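In order of appearance the chains are A, B and C, and numbering begins at 1 in each one.
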């Protein structure tokens, strides 16, 4: 069994942004030499997400508005976590978007559907944060 | 290490429906010959879901009403994604329900709890769409 | 390939509670002898969750209030599932929080970010329920 580990680092200059990381995960897969197996990508931070969806700007604007409706950032005082912190909403937003994606590796490639793209979802940016990519297989 | 791949195809005649696919995943597992490992089932489309829950009609009606409350289909004009598209709500609904389920394989069987059933959740039907099942192990 | 299976049992004396199970998952990992691979932890019940977030009491209070806003328990009569049952809201809450977490195993340890902790989320307690931990690798 082969095993490969890669960290992807981010420092997003705003509080929130969605970043397409499909190319970086594919590059890790090429380096891994794995041709059949599973590839896990997860945020290593609890106010960020890895998820799969469409790379379309209108949809990303819809996600921003929708997440603000379901888990609004302000007023900060509405959250008990926000004593010394101000990112409770980021924990909730990431819960909706999910922590991780598991993708299949087939014939040396990420086995994604035609519109599936892997994203890093930052909900509390302006600091260095990481995604972990782990690939196991043969 | 063994590796097995199967696509399940659907063409749901309505916009939304939940389909129990546990039997089809179990059949793939039997064909795989894997007795210990992991089984990933994921929607290959970003407006559909694979998730685990109860096969109970009242609950499914509750899911429908609840998802329409959290991410309503109409009016289409409320979403920026809906220029030429009308399925932004399906992307949001699938985000809540999740893209994928990872199940354990133990002694050649899906190692599910007593009420756990695997579902395909269609949120933008009336077209051919797929679920990917990948099983790895020994 | 090594494979290790462990059930964690719970009987929570209230309807809802979040329990940090990181230590129990780490203990299973030590017993498994796996040094490189994947670790899946999933609720075996469809009204409970396994998820990753922060072990901070204010945030847990925020989760409770937020889940009650998005999927309120009462009135029970608002849900079609609640005929003979009263736990439809628990199915919805668990859907938001997620069924499972997949963690990476690196050098014999759970490869978690600095604040990542694994939780069992009970949303319909006062009965015996289980989490399944499965570890595969080498």
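Throughout what follows, a contact is a pair of C-beta atoms (placed from the backbone, for glycine too) under 8 Å apart; a residue touches a chain by one contact, two chains touch by 3 or more.
Keep in mind the model is a prediction, meaning the values are calculated, not measured.
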Copies chain B and chain C - rotation angle from C-alpha fit, nearest 5 degrees: 120
Interface composition of copies chain A and chain C: same or different, split at half: different
Whole-Å gap between the CA centroids of chain A and chain C: 20
Multi-chain contact sites of chain B, meaning residues that touch two or more partners: 1, 38, 70, 96, 98, 102
Touch list for chain A against partner chain C, complex: 1, 3, 5, 38, 40, 42-46, 70-71, 79-83, 88, 91-92, 95-96, 98-100, 102, 130, 132, 134, 136
Interfacial residue positions of chain C with respect to chain A in the complex: 1, 36-38, 51-54, 56-59, 61-63, 66, 70, 96-98, 101-104, 106, 111-116, 137-138
